[in-house]
Amino acid sequence: MTVREIAAWLGGEAVGPDTVLTSHIARVAKIEEAQAGDCSFLANPKYQKHLATTQATAVLVARSLDVAGVERTTPIAYIKVDDPYVSFLHLLKRLTPVVDPFPVAVDPTAHVASTARLGVDVALGPGVHIGDGAVIGDRTRLAANVVVGPHAVIGNDCLLYPNVSVYHQCRIGDRVILHSGCVIGSDGFGFAPKQDGTYEKIPQLGIVAIEDDVEIGANTTIDRATMGETRIERGAKLDNLVQIAHNCVVGAHTVIAAQTGVSGSTKIGAHCMIGGQVGIAGHLEIADRTIIMAQSGIPKSITEPGKAYFGYPAKEARHAQRLEAAIRMLPDTMRELQEARRAIEELKKAMNRS
Amino acid sequence: MTVREIAAWLGGEAVGPDTVLTSHIARVAKIEEAQAGDCSFLANPKYQKHLATTQATAVLVARSLDVAGVERTTPIAYIKVDDPYVSFLHLLKRLTPVVDPFPVAVDPTAHVASTARLGVDVALGPGVHIGDGAVIGDRTRLAANVVVGPHAVIGNDCLLYPNVSVYHQCRIGDRVILHSGCVIGSDGFGFAPKQDGTYEKIPQLGIVAIEDDVEIGANTTIDRATMGETRIERGAKLDNLVQIAHNCVVGAHTVIAAQTGVSGSTKIGAHCMIGGQVGIAGHLEIADRTIIMAQSGIPKSITEPGKAYFGYPAKEARHAQRLEAAIRMLPDTMRELQEARRAIEELKKAMNRS
Amino acid sequence: MTVREIAAWLGGEAVGPDTVLTSHIARVAKIEEAQAGDCSFLANPKYQKHLATTQATAVLVARSLDVAGVERTTPIAYIKVDDPYVSFLHLLKRLTPVVDPFPVAVDPTAHVASTARLGVDVALGPGVHIGDGAVIGDRTRLAANVVVGPHAVIGNDCLLYPNVSVYHQCRIGDRVILHSGCVIGSDGFGFAPKQDGTYEKIPQLGIVAIEDDVEIGANTTIDRATMGETRIERGAKLDNLVQIAHNCVVGAHTVIAAQTGVSGSTKIGAHCMIGGQVGIAGHLEIADRTIIMAQSGIPKSITEPGKAYFGYPAKEARHAQRLEAAIRMLPDTMRELQEARRAIEELKKAMNRS
């Protein structure tokens, strides 16, 4: 596509010399890495300085940008659009050759229990195993070596990457994406201490229920409930290596970054944003739209929605930053205190003399 | 079963109106979630307030509880037992329809090396691979796509969930449970720096030895020793996504919560309780019955048994809490110090005047 | 081999009574655990005290060590070499019976797409799946149930342990080792928030590129780039359960310990040493030879090479230690401040009186 064709396709306005507007665009790239023949974008004002020097042939910019004011030694084209980043994503999908990693049919080496039910156009890769009584929805595709336990139910249009394990009886909604190595429905960590200091396993008889449009990252683990269900509500997104313990609820459209852990029976609200390596204690409630910054530790419930938290143990973010600043000044503070004490001693002496 | 039948089966005493004692119980449930037809339990006094309002048909309570003192608008049955929680677990197992997720025979697609030995009643799911010279004990069951490396030895009555990897030569005791995706016996992280700043791999020639009655969580990793063995002693329980480095020892009946990491050659005692996301440095010894709270970092050995630790770096818990309280007051402290300094200046001026 | 034969084989000098020099050595062991018949080593001066008491038959020592000065009640042999630890590793490899856990041929149950290409002497275990258009280099060996996605390219002499997942189009160099359960090329965690509070998935169309001589630990996850590549440069070593997000670069010969997470687009330099459970924020640059201590949190770029960092948020290590010491003294500091305030009040009163 030429620059002009891309502008038309995106409903944008092409600005620049005719020789550039008729140039062919082959790739998309970041503004600081783009080469001739690439189309880039400017969404974050922080990157505006790169407009003067980028090697890109064209740049997607906001309609309000004053492109005449940019000083450059070589010509460039601008494509003015409503949302440069969204337009960029559309172009990225259109220009990148996409490989479909999923099977398109049921491989003869896939092993489907005779009592399992497959929907229409289900595709199963080599070495997939579907257990007794399991149900796989229409158009759902499972890559090589995925294992689905007995009586698990997976909805329509799901994508399961290689080596995913879904335990028995778990229920997964529609359009769910599960990345390699994630484990859905492992036993909750429940052991009753006995008099002699050893432990008796508490049976974990509940399930994991994953609602529609959820995406779960690689090697993330979600434990089944002791009874009832561990629930990941619709639209939630979990990154890699996340741990969700038994009987937790992750609210709708909440995002959780990598390596975060949520202890048993905690209920996280909707539309929360939780950073990486966060730890949340058990039996808590986290209000809707809570923001928790990376590596924080949450020891108690958060009842007021929409606030940001930080630290270990976590405090409200502004308070945590004030404490962190105070800690950084602590050696100075201690020196001032010693000076003050000396001054007091001298005052005492002076007082005694007078 | 009716309430009266459950009481008899548990060796308890049923108290309540006859119409309720002959009611049928279909399910168990938490006291705040229970509905008509459910049996719940009261173990933690914190939940006693729910006795007045629970929708449950029956509640398991301690023999000492004054049930006559509970004010309710609708009738309910009490089943008095010695330990309500233990009785509840018995009832949970009895009333919940349990799905057995493990194979009951050797699947024809399981691949067993000709030099491997299988005990009696071993069951192997589809796609299981047993390497050269490996030994699988009596009644042990391996779910789909489990891989057991050459010369590994697994005891009797073990359960391995789908996609577990057991490396060559590792030894696993009896009644061990390994959850999906856990890796037993990967190489320890050992590299010798060379003069040119690159690294030479140190061969990891030891094994992992897991003793009887251990349970290992999903996607947990346990590295083989450089030489000798990394050892998980009898009855220890490890949660999901835990990392145990080469040459570590985890003592008998120690429990370790999710995402905790133990660095190389550290020896953890027996009956310890270690929270989630804890980090323990290498070459340490942790005394028996030590308690380490979540997210703590342990930089040095703990020699006195039975103490609790918290913080990063960890201190004894009471000391850590005192420091945390002091930190929270730090902005006030700094303000007080500035006031004190001003007061000193004024005193000096006053002194000079007089 | 006898002690004398070992000394000759290592190019070292054997010192000790003839009866010991002709003794047979069967095993290697640590100096504090060695028994009769073992050969141990002394590399770290911290362990020199064990020379007087070790049960080893022979000990590898530096040529400069004054072995005549060691007081012992039983005879022992010394083997003087240039580098006792390196010599010990050679001997360890020679004396330990090594099991080769990898297949030596293509198993008939391995599933290779008709458009995939295998180099010479490739070995594939049972249940391995090689996708469309994938390329596997000469002498590379894949253990049971490894999955290689379409159009992925793996170099020569690589070793992939059981249950590894390599996503489509990823590129892996020569002599790379991937441990069980690691996931190479899962989607980056990228979602664009929409007006209604839900998220739209940003397509992750880049790849993961792993250069020569890299080793990746068990259950580690490395996400593919949004566009372009996530890159692990030559000779880097990653431990277990590490998370590398989309578009990151890990520099050559950098080592990263277990459970560390690196957020999106961060570029880590060469020859860095990063401890366990570290968290590094996104879009940062970390200078070459940076040392980051375990559990630290890195919120901003590190521009000066070769410095050590510690803490949450991390500070330069010496500064962090000073702050930690100040925090430990905080209760004392607060007491001193209260005493100072009382002294001021008394001075004021005294002043008023005079």
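When the chains are written out, they are named A, B and C in that same order, and each has its own residue count from 1.
The rule we apply is simple: a residue touches a chain if its C-beta (ideal position, glycine included) is under 8 Å from a C-beta of that chain, and two chains touch if they have at least 3 such contacts.
What you see is a predicted model, and the numbers here were worked out from it, not measured in a lab.
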| item | value |
| --- | --- |
| Shared interface numbering between subunit B and subunit A [over half = same, under half = different] | different |
| Subunit A onto subunit C, rotation angle from CA fit, given as a multiple of 5 degrees | 120 |
| CA centroid of subunit A to CA centroid of subunit B, Å | 26 |
| Junction residues of subunit B, two or more chains touched | 109, 127, 145, 163, 181, 219, 241, 259, 277, 312, 327, 330, 333, 337, 340, 344, 347, 351, 354 |
| Residues of subunit A defined as touching subunit C within the complex | 28-30, 33, 85-86, 89, 92-93, 96, 98-101, 107, 109, 125-127, 143-145, 161-163, 177, 179-181, 213, 215, 217-219, 235, 237, 239-241, 253, 255, 257-259, 271, 276-277, 294-295, 312, 324, 327-328, 330-331, 333-334, 337, 340-341, 344, 347-348, 351, 354 |
| Subunit A residues touching subunit B - in the complex, by the definition given at the top | 109, 111, 127, 129, 131, 145, 147, 149-151, 163, 165, 167-169, 181, 183, 186-187, 189, 191-192, 197-199, 201-203, 205, 219, 221, 223, 226-228, 241, 243, 245, 259, 261, 263, 277, 279, 281, 297, 312-313, 315, 322-323, 326-327, 329-330, 333, 336-337, 340, 343-344, 347, 350-351, 354 |
